[in-house]
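Look for chain A in each of the two complexes below; its partner is chain B in the first and chain C in the second.
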Partner chain A sequence: MDFFVQIIVSGLTFSAMYALAAVGLVLVWGAFNMLNMAHGIIMTLGAYFALLWAEFFGLPLIFAAPFAMLCGGLVGAMVYFVSAHWMIKQRNFETTIIIATFGLGMAMEAGLLKLLTELFHSSPYAQPLSMGAKSFIVATVPVSYQRLIIWGAALFLILILAAFLKRTTFGRAIRAVAQDSDAARLMGVRVRNVYIAVLALASALAGVSGIMLSSVKDVHPLMGGALMLKAFIVIVLAGLGNLTGALYAALLIGMVEATVKVLIADQYGFTAILILVILALIWKPAGIFGRSTVARQ
Partner chain B sequence: MAEALLRVEGLHAGYEGQNVLNDITFDVPKGSLITLLGPNGHGKTTLLRCISGLLRPTKGTITFDGERIDGMEAEKIVSRGVVMIPQGDMLFPEMSVYDNLRMGAYLKKANAEFEQNVEEIYTLLPRLKERTSQMARTLSGGERRMLAIGRGLLSGGEILMLDEPSLGLAPIVIDQIYEIIKDLKKQGRTLLLVEENASRIIDLAEQIHLVDTGTIVWHGGGKELESNPQVLETYLGG
Partner chain C sequence: MTLLWKHRDFVIFAILLAVAIAFPFFGIPRFILAAVLIMYCYATVVSQWNMVFGLAGIFSLAQVAIFAFGAYSTALLGRYLEWSLWYAFPVAGVGGILLSVLIGLACLRLRGIYVALLTLAVSQMLYVLIQTDSVCSPLNQVKDPRNCIAFTGGSQGLGDFGSFGWRAVLGGRNWMTGDYYSMLGLLVVGLIVTYLITQSRMGLAFRALRDNEELARSRGISQYKYQLLVFALSAFLTSIAGGFYAAHFGAVGINLFGFPLLLFLISMLVVGGIGRFWGPLLGAALLMSADEVFKEFSDLRNIGLGVVVLLFMILLPEGLAGGIEKVFRLLQRLTGRSRTA
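And then the complex of A and B:
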C-alpha cells in the first residue's frame, strides 16, 4: 500500500510538471511546426523571475507566479522576433529553427550564468514559492502540500488553456492556424500575431513549470534542461502536435518513472522512460496518438 | 454596366520564376456575377490566389473599391471585403461545423453579427444546422462545399470569389450548389466565379472571361459564348 501511494504521489507530481512543460511545446509545434529548443532555459528563467520578485524585490508571494508568467511570455515573444520571424518563410524552417533556438537557448543560459556569477552567485537558491517539507500523511506516506499545489496549479492551468482554445475567438484562431494557416488568413486571422501569442503563451506556461520544478528541488541555472528533455519525450511519445495525447503521455511517463524509481532505484527512472519511448515508437512511429505522417502544409 | 468594385489590370503572376498569368485585365462590377471559365491548370485558381493575397503578383494592379490591394496581406484583403471560397474548401477539419462558421465571422464586425447571420445561413443551408456539432472532417463532399460557402458568406464580404464550386461533386449536389449561387445573385451579391464547365454558367453570368494558358483569350456574355462554336470547340472541347 505504501509503495502504491508513493508511486501515485510521485507519479502525479512528475506528470503535472511534464504535462505543463509539454503543452507549451505542443502548442508551438501545432501552430507553426517550430520545436523551441529554448523552452528549457525559459523554464529556468521562470523560476528565477519568481525568485527575483519574492526574494530580491521582497514583493508579495502571491504575485510571483503571475510575474514569472508575464516575463516568460515576454521572453517567448522575444524568441519569436530573434529567431522564427526571420526564418518562417524558409523552406527548411522546421530544421533551421531547431538549430537557431538551440543556439539562442545556449546563449541565454550562458548569459544567465554570467549575470548570476557577477551579481549574485550561481549555486542553487531555495524557491521562495515552495512550502518546504510541510506535509500530511496518506497511509504511512508523507505527502507534501507543495505537491498538492503542483497538481492543482497544473490542472487549473491546463483547464484554463483548454477553455481558452475551445471557447474564445482568439483560441479558435490558434486552432485554425494550426490546422490550415492559409485558410485562417483567408478568414482575416493575422497569422503572425498568432505565432507570437502562441510562443508567449507556451513560454508563460514554461515559466510556471520552472517554478514547480524548483519548488521541489532548487533554483539553479541548468535546471530547465532535464525537464525540457522529458517534455520532448512526452510530445514525441504522444505524436507531435497532439495536445490531448501529450497530457496522456505525460501521465504515462510520470507514472512509469515514479514506479521504477520507487520499486527499483532512482537512477533507472530515465532509462525506463527511454525504453518505453523506443518500444512505443517501434509500435507506432508517429507516436501513440500521432497521425501516420507529419508534414508542414 | 455599374462601376467596377474589383478591377484587375495587366496582372502577371507565377510560382518560383515560372509565369502562370500573363497580362490579365478584367472588371467585376458591383452586384454582378462574373465568371472565369477555362480548363484546369490554366491559371484561374492562381488568379484568385493573387486577388485574395495568398500569392503576390509580379506585375500589374488589383483595385478593390478604389483601393490598391495587390501586395497586401491576405488577412488585410479579407478585412476590406474580398472573400474567397477556395478550391478544396480549406475547412478546419478538426473543428465542428459551428466553429468553422464562427471562423468565417472572425473579423470584428462579422463577429458582432454572427448569431443573427448564422440563422440566415442555416435557413439557406439547412444541412449545416443538422450537422452543427459534427467535425468538418466527417462531412461529405457536398456538405463540405456548403460549409465553405456558409463560412464565406458569414464573413460579410462585399465580393465573394468561388473557386470551382462544382469540382468533384455529384450532379445532384452541383445542382444544389448552383441553386445557392442563383439565390446569392438574386440577393444582389457581387460574385466572381471560377468554373470549367461552360454549361453551368452560360445562363447565369453577366460576363464570362475565358482563361487559357494564363491569358484571357475571349470575353463576352453567356449567349455570345453559346453562339460561338469556334471558341467552345477550341478552348472548351465543344
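And then the complex of A and C:
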C-alpha cells in the first residue's frame, strides 16, 4: 500500500512536468515540423525567471510563475527570430533546425552558466516557489502540499490550453495550420504569426515545467537537459503531432518511471522508460497513438 | 593538367598524406603533435558520421555515444582482462557494431526525426548509467581496497588500463610519435572506407534513393537494409577511434558521453560540410585550430561553438566544402568550361 501511494504521488508529479513540456513540443512540431532543441534551456530559464522575481526583486510570489511564463514566451519568440525564421524555406528544414537549435540551446546554456559564475556563486538555489517539506499523510506516506500545487497547476494549464485551442479564433488558426498550412494561408491565416505564437506558448509552458522541477529539486543551470529528453521520449511514444496522445504518454511514462524508481533504484528510471519506448516503437513504429501513415517513410 | 583535375581528390589525398607523414620530423613541439593527433581521431569519427548522415541520410546523434562506448570497452578490457589494447580495439569495434545494430533495428524504420530523438536518448541513457554507477566492484577491491571504484568508474572515470605500448618500443621520448602514426593510420583507413562505400553499390543505392525514391524502391532497393549496413559499418571504425582515444590518454571519463563533445563534433561536421568528402577533415582541422588559438577563452567555448553551428545552419548549411564547390562551379561557368557531363 505504501509503495502504491508513493508511486502514484511521484508518478503524477513526473507526469505533470512531462505533460507541460511535451504539449509545447507537440504544438510546435504540429505547426511547422520544428523540433526545438533549445526547449531544455528554456525550462531552466523559467525556473531562473521565477527565482529572479521572487528572490532578487522580492516581488509577490503569486506572480512569479506568470512572470516566468511571460519571459519564457519572449525567449520562445526570440528562438523563432534567430533560427527558424531564416531557415523555414530550407529543403531539409526538419533536420537543419534540430542542429541549429541544438547549437543555440548549447550557447544559451553556456551563456547562463557563464553569467551565473560571473554574477553569483553558481551553487544550486532553492526554488522560492517551493513550499518545502510541508505535507500531509496518506497511508503513512507524506505527500507535500507542493505536489498538490504541481498537479493542480498542470491540470489548470492544460485545460486552459485545450479551451484556447478549441474555442478561440486564434486557437482554431493554430489547429488549421497544423492540419494544412497552405490551406490555412489561403484562408487568410497569418501563418508566420501562428509559428511565433506556438513557439512562445510552448516556451511559456516549458518555463512552468522548469519551475515545477526546481520546486522539488533545486534550481540548477543544467537541470533542463534531462527533462527535455524525457519530453522527447513522451512525444516519440505518443507519435509526433498528437496532442492528447502526448498527455496519455506523459501519464504512462511518469508512472513507469516512478514505479522503477520506487521499486528498483533511482538511476534506472530513465533506462526503463527508454527501453519501454524502444519496444513500443518496434511494435508500433508510428507511436502508440499515431497513425501509421504519418510517421512511416 | 586536366588529368590532375579529374583525379583531384587523389592528388589532394596524396599531398595531405605526405605532409602528415613528414609532420613529426619538422621538430614540432609536442603539444602541437598531441593536438594534431586528437584532430585525426575526431576527423575519423566525424567522417564516419558524415557517411551515416550525409550519404545514408540517417540523422544519428548516437555517433558520439558509439565513440564513447568504444573508449569504455577498450578501457574495461584492458583493465579487467589485462588484454593488450591492440586486441581490445577490434573487440570494441565489434561491440560498437552490435550496439549500433540494436539502435538501428529500433529506429531506422522510422522517420529521420525519430532517429535523432532516440539516438540522443540512448546516449543520454548510457551517460546516466555510467554516471550513477557507484557500487564498489569486487574487481577493483583487490587492486585498491581503500579507494574502491565502481566497475565503469562511475563519475570518476577509469584509468590504469594500458596504452598503445609505444613507450616500450620507441622509448619515453618518442612514444607520442607512435601514437601520432597510429591515429593517422586510423584516419587513412577511415577515409578510404568512406570513399569506397561512397563509390560502391551502396553509395549508388543511396544516390538512387535520394534522386527518385519511388523508382528506387520499385526496383527493389531497400533503404532500411542499406541504412542498417552503413550504420553498422561506421560504428566499427567509430568505436575503434574511441579505443584509440582511450589508449592515447590512458583514461576515459563520463564527459565522453556529454553534450559538449557532441556539440564540438557536430560543429566540425557542420562547418566542414555535411555530405562532402573533405568536409569532416576540413571541419576538424579548423575547429581544432580554433580551439588551440582561443584556449584562454575556454569558458566561452561552448557559446562560440553554439553560435557557429547556428550561423552555419542558417547561412551555409552545406558547409565550407559545399561553399568552395559552389565557388568553383561559378568560376567554371564564368570561364565557359562547363563540366556538367
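Basically, the second predicted complex is superposed on the first by the 292 of 297 C-alpha atoms of A that agree within 3 Å, B and C clash if a C-alpha of one lies under 4 Å from a C-alpha of the other, contacts with A are read in each partner's own complex, and residues count from 1 in each chain.
Everything below uses one rule, namely that a residue touches a chain if its C-beta (ideal position, glycine included) is under 8 Å from a C-beta of that chain, and two chains touch if they have at least 3 such contacts.
Keep in mind the model is a prediction, meaning the values are calculated, not measured.
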| item | value |
| --- | --- |
| Chain A as common anchor, with chain B and chain C clashing or fitting | fit |
| First, second, both or neither for A:Leu240, with chain B first and chain C second | second |
| Touched partner set for A:Gln179, first chain B, second chain C, both or neither | first |
| Contacts of A:Thr140 with chain B and chain C, given as first, second, both or neither | neither |
| Partner chain in contact with A:Ile98 - chain B first, chain C second, else both or neither | second |
| More chain A residues in contact - chain B or chain C | C |
| Chain B versus chain C as contact partner of A:Met106, first or second or both or neither | second |
| Touched partner set for A:Leu229, first chain B, second chain C, both or neither | second |
| Least C-alpha distance (whole Å) that remains between chain C and chain B when both complexes are overlaid | 16 |
| Intersection of the chain A residues that touch chain B with those that touch chain C | none |
| Touching residues on chain A, where the partner in the complex is chain B | 169, 172-173, 175-176, 179-180, 182-191 |
| Residue ranges of chain C in contact with chain A within the complex | 59, 105-107, 109-114, 116-118, 120-122, 124-125, 128-129, 132-133, 223, 259-260, 263, 266-267, 270, 299-310, 313-314, 317 |
| Residues of chain B that touch chain A when the two form their complex | 52-54, 73-75, 78-79, 83-84, 86, 90-95, 99, 102-104, 106-107, 111, 151, 155 |
| Partner chain C, residues of chain A touching it in the complex | 35, 82-83, 86-87, 90, 92, 94-111, 114, 117, 225-226, 229, 232-233, 235-236, 240, 266-267, 270-271, 274, 277-278, 281-282, 285, 295-297 |
